[in-house]
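Got a structure here, written out as structure tokens. Questions coming.
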Amino acid sequence: VPVAVLGATGTVGQRFVALLADHPSFELVRLCASERTAGKPYGEVVRWALAEPLPARAARLVVEAPEPGSAPEPLVLSALDAAVAGPLETAFAEAGALVVTNASAHRMDPDVPLVVPEVNPEHLELVAERPAGRGAILANPNCSAIGLALALAPIERAYGLDRAHVATLQALSGAGLPGVPALAIADNVIPFIRGEEEKLEREPRKILGRLAGERIEEHPLVVSAQCTRVGISDGHTALVSFATRRSATREGLHDALASFRGEPQERRLPSAPARPIVVHEAEDAPQPRLHRELERGMAVSVGRLRPCPLLGWKMVVLSHNTLRGAAGGALLVAELAHARGLVR
Amino acid sequence: VPVAVLGATGTVGQRFVALLADHPSFELVRLCASERTAGKPYGEVVRWALAEPLPARAARLVVEAPEPGSAPEPLVLSALDAAVAGPLETAFAEAGALVVTNASAHRMDPDVPLVVPEVNPEHLELVAERPAGRGAILANPNCSAIGLALALAPIERAYGLDRAHVATLQALSGAGLPGVPALAIADNVIPFIRGEEEKLEREPRKILGRLAGERIEEHPLVVSAQCTRVGISDGHTALVSFATRRSATREGLHDALASFRGEPQERRLPSAPARPIVVHEAEDAPQPRLHRELERGMAVSVGRLRPCPLLGWKMVVLSHNTLRGAAGGALLVAELAHARGLVR
Amino acid sequence: VPVAVLGATGTVGQRFVALLADHPSFELVRLCASERTAGKPYGEVVRWALAEPLPARAARLVVEAPEPGSAPEPLVLSALDAAVAGPLETAFAEAGALVVTNASAHRMDPDVPLVVPEVNPEHLELVAERPAGRGAILANPNCSAIGLALALAPIERAYGLDRAHVATLQALSGAGLPGVPALAIADNVIPFIRGEEEKLEREPRKILGRLAGERIEEHPLVVSAQCTRVGISDGHTALVSFATRRSATREGLHDALASFRGEPQERRLPSAPARPIVVHEAEDAPQPRLHRELERGMAVSVGRLRPCPLLGWKMVVLSHNTLRGAAGGALLVAELAHARGLVR
Amino acid sequence: VPVAVLGATGTVGQRFVALLADHPSFELVRLCASERTAGKPYGEVVRWALAEPLPARAARLVVEAPEPGSAPEPLVLSALDAAVAGPLETAFAEAGALVVTNASAHRMDPDVPLVVPEVNPEHLELVAERPAGRGAILANPNCSAIGLALALAPIERAYGLDRAHVATLQALSGAGLPGVPALAIADNVIPFIRGEEEKLEREPRKILGRLAGERIEEHPLVVSAQCTRVGISDGHTALVSFATRRSATREGLHDALASFRGEPQERRLPSAPARPIVVHEAEDAPQPRLHRELERGMAVSVGRLRPCPLLGWKMVVLSHNTLRGAAGGALLVAELAHARGLVR
């Protein structure tokens, strides 16, 4: 399947390029970025910021402006800035592409599935019945919401979820490039990320929601979020307290989390982690530097499962924000859509 | 008043030495540290780690082993390690000293006041009636509990407190020296601090408790805490959600916090901040590097006061963990005790 | 003396504002910044990034565009970006102001003194004989060059200087705001700062040069520089190896450094440090976090003075890059010019 | 070949364990660590600090005290602390083992080869003629010296080396665990590493030395070193200035570096990097976070090759200090010794 990447020079765009390098089903054929860089080879305009080398084939691709034209690639992965993503992604979808986007613009649109492949693959049915020549948009959730939704899903299934409090310590790569000025975060913590708490309080309700005909009925879960930025490169940590509807035990929660599998595992999708959730028993785990790369960055780590005097249970959830939480997660959505025959 | 400092070479001990350098009422006359360093001038054995210079007089004091002898100084400030603090502090108190301690050993003892001077100065009455020649122990709370108790106290007075959830991002100096290995925290967050959550869930109940005759009746407040270590030098950030008993407004909470004053301000104690709580309106305040030094590190900063869908209200609380949260806080307790005539 | 500050919202501009708050001779009356911010109170447009509070009077000043008009303030402190500083500073000087600039645009102009007040105050004579109504430009050297020149000056006087090798570890504040993206420096070192090595190899020759009539004869010293950026907030560290013309001893070097004084100390200028150079004997000093604030950030710290198998001697030099190395240094130049009657 | 690891719980020891997990020629059969941990499974006593998971087989090995016994493994990899390494390594060698050590104790012993496999493989001949039943010690150089020697070797061959100045910015993992206290390096640089400058000035002379009969004749190269610790996890950066005996060109130096190959590449040793030296052309490369992992951490990166006004040429050299600079380098020495028939 030929694939185009929009917003290819940013931190998430670079991850897309790296992940597509040796992909068994997808072939990267087009890289789009801002007007300023269009017309030059990708290798010349990108400030490559990953430890793995820039793939040679991608380096030679000439960057194009992000316009769909008459016959866009059937699959488009978008890492566009929120500020410009909305209309551009709509244009690509209207021109026939299946757009899997990491941007927030369309996430809460009623006709756009907001998908964590292990959690709500059935939401893809929203876009299954589309006219010939017509594309669609699939949204990858917010980087913190993905980890949270993955960790809450097995608990919801086993015990029902009522309320959750989540406090996050989010990595710098989540703000993209240039992102946070280094001087602003040196020896510091920034207890505010614009729009993040709203997303974290809203998106899990849609992800955990129920497909009801042609719409998603949101889950009634109440989430309260407090989000902070800390000076680390990758890996979002979430401190989660939650209340279940039915009485839970530590062993039951542990087993529900550790045994959780979904459609990506069943279908053995190329980017699917063998274990979507890794449960840690060490008293000081999970930690970003030690555990963010588990299962090639596609596993969510859960640790410190223990009682909470307020809501019932507490746990620590860690996920790699530019892999599972962005490019890797979106690619898994694309693979799932492909496996379900939605890429045409 | 002649003063001895126990545990003088650690991070909190060094802060005591710095704060006592030009104190109007207290004179540093004795420095005690481990056997290994006893007998040598303080300036030779301490690995001074503060940006302000080591006071010359203190540098010349010969370090002694921490033994009370027959006539200890009337005031003893303890920065001993928790592992050894218990019996040593008891020995000094039995020998006649008023011991103000930063260690956790005696904090929950029924006859030991656990004091934040602006919040519960009346708890000092617990030790007012003591036999001649007999000392007592006054405890400074846990570094995170002080900031939390200060920020909650005006809310409790104005609206009553029911429940609170607190997630902390704590600085490295809180772990002392050698403390956390640098390699363990490089590009990392550690979501565990031994014993910290228990202290943060328990101590505010005693601090906000009611003096009932010769005991403290704990406040029924339920706190749930999640504590993490982040790689910054000083300044603990707490993300607090809370429920009040009576309905509150943002303006009412803001005013209660901003106008809060206590006995240290009335008595104009030397270490008392003019404003114990500084309320910030900037959307991304407070931040450790920018605000930890306010009021010479003795103010607690509160910001981001906003509704919480779960408990009613959220806020961010910042305090300097080795000043207000340790040495400065303990010194203020000592000044309050001195002003109330308890140092004999 | 009424003073205007150009580029008032950047990191160095903010330092100017803070330093002028209670200045005995200078009164801050005008703040200039980009067109975008002009017309609004400074307190509304600046993103204040210092730990000390924004002075209330400055907060109320309405920001103006950087235009000299017909009668500029007699003293102008410039923290403009290099990209725009050149013509704007010239315009202010032509309109009559004495401009003390931190920008690099005019540093190597033959009629512009490049001044470290303790080192080459006599270079100010270059601008002493100017026509009525005509201003002049005085340049503050590069942040790393100031510390290097201060540390080398007493050695030059005592033994003569021949060659020096300097490797720097420079702080984030030296890049201003937004400056270095946090993600670029997280768990990283960047071994390149544009233009920095050239400045460090060139400027000391002019600073240590000899006033010969109406021009400066550069010192023949050969400097080789390698500059890196490290992820700390403030404080540039320089690893210096040097060869003297005449044979030196460790004691002689130590004494030359420790006893160094200059015109700012003789004149007791308000911003002058009592000791321009603090010599450290601890084997691991100086360190940015511990020593950058010495003498209110105006002292240069020198440590680890020891033999070098290649050039003769090695030492470590530390200076606060936005105080001594920028705003504080420029203010000291202004005070020196004022004391010498050059502000008219 | 059965292999034992000494000092298995430290940072370098853990790297040995990870690298041996799937080794084609070596099988990890024994893990030795301090008395305190002996008798327990490795998985229980090690505080695993690598991002890759602890190999399951190693986790089950019962830790032993570091004693050779009568029949030690033929190959012993030592990551012992310098304080205890000397006599223990001698004991293992006397009992018959070939000990490849990362410790400094024996590096300058006249009968111990100090080996960088691409640079001086012929030095192994020093231990080729040994009596039956008798082992030997092979030393891996200091972590910074390896990168320096690798980068200097092709220059020495092409142009001859005369003098070099090297300033390092060294990572935290170089200090092991617990190593540097986090509070000591927070927002800080430490311009001192005990013994490091001496090693860096001395070891390259032996590595680049000439095998003359039964001894190594040191190379007359004069090196001056200044070493600092910076707060990053892995990757030592060295700023190198050097003088060649014969006149060099940039192109000639570039080609000598980029085309450099040695015996490990010819023999295709399992841990040998395809390119021992990667030359970078980007103006701000190499950088630790981006380039330390090149060739599985076994390549040295060289960048910013440019003229030096003092010595002729400057460059920036980066190497992964616990892979190429420690465990990976020592393993490559062991593989070379094995290929040459020295493991018996």
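Which chain is which? They are A, B, C and D, in the order written, and residues in each are numbered from 1.
Following the convention adopted for this analysis, contacts are C-beta pairs under 8 Å (C-beta built on N, C-alpha and C of every residue); 3 or more make two chains touch, one makes a residue touch a chain.
Computed from a predicted structure; not experimentally measured.
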With contacts counted as defined, which of the two, A-B or A-C, has more C-beta pairs across the interface?
A-B
Taking each chain's centre as the mean of its C-alpha atoms, which one ends up farthest from the centre of subunit B?
D
Calculate how many whole Å lie between the centre of subunit A and the centre of subunit C, each centre taken as the average of the chain's C-alpha atoms.
47
Averaging only over C-alpha atoms, locate the centres of subunit A and subunit B and give their separation in whole Å.
41
Each of the following residues of subunit A touches two or more other chains, namely 49, 186-187, 231-233, 289-290
Looking at the complex, which residues from subunit A come into contact with subunit B?
163, 165, 167, 169, 186-192, 201, 222-224, 226, 228, 230-233, 235, 237, 239, 241, 283-290, 303-304, 308-311, 314, 316
Any idea which subunit C residues touch subunit B in the complex?
48-53, 186-187, 233, 289-294
For a test of understanding, state which residues of subunit B touch subunit D in their complex under the given definition.
11, 49, 172-173, 175, 177-187, 231-233
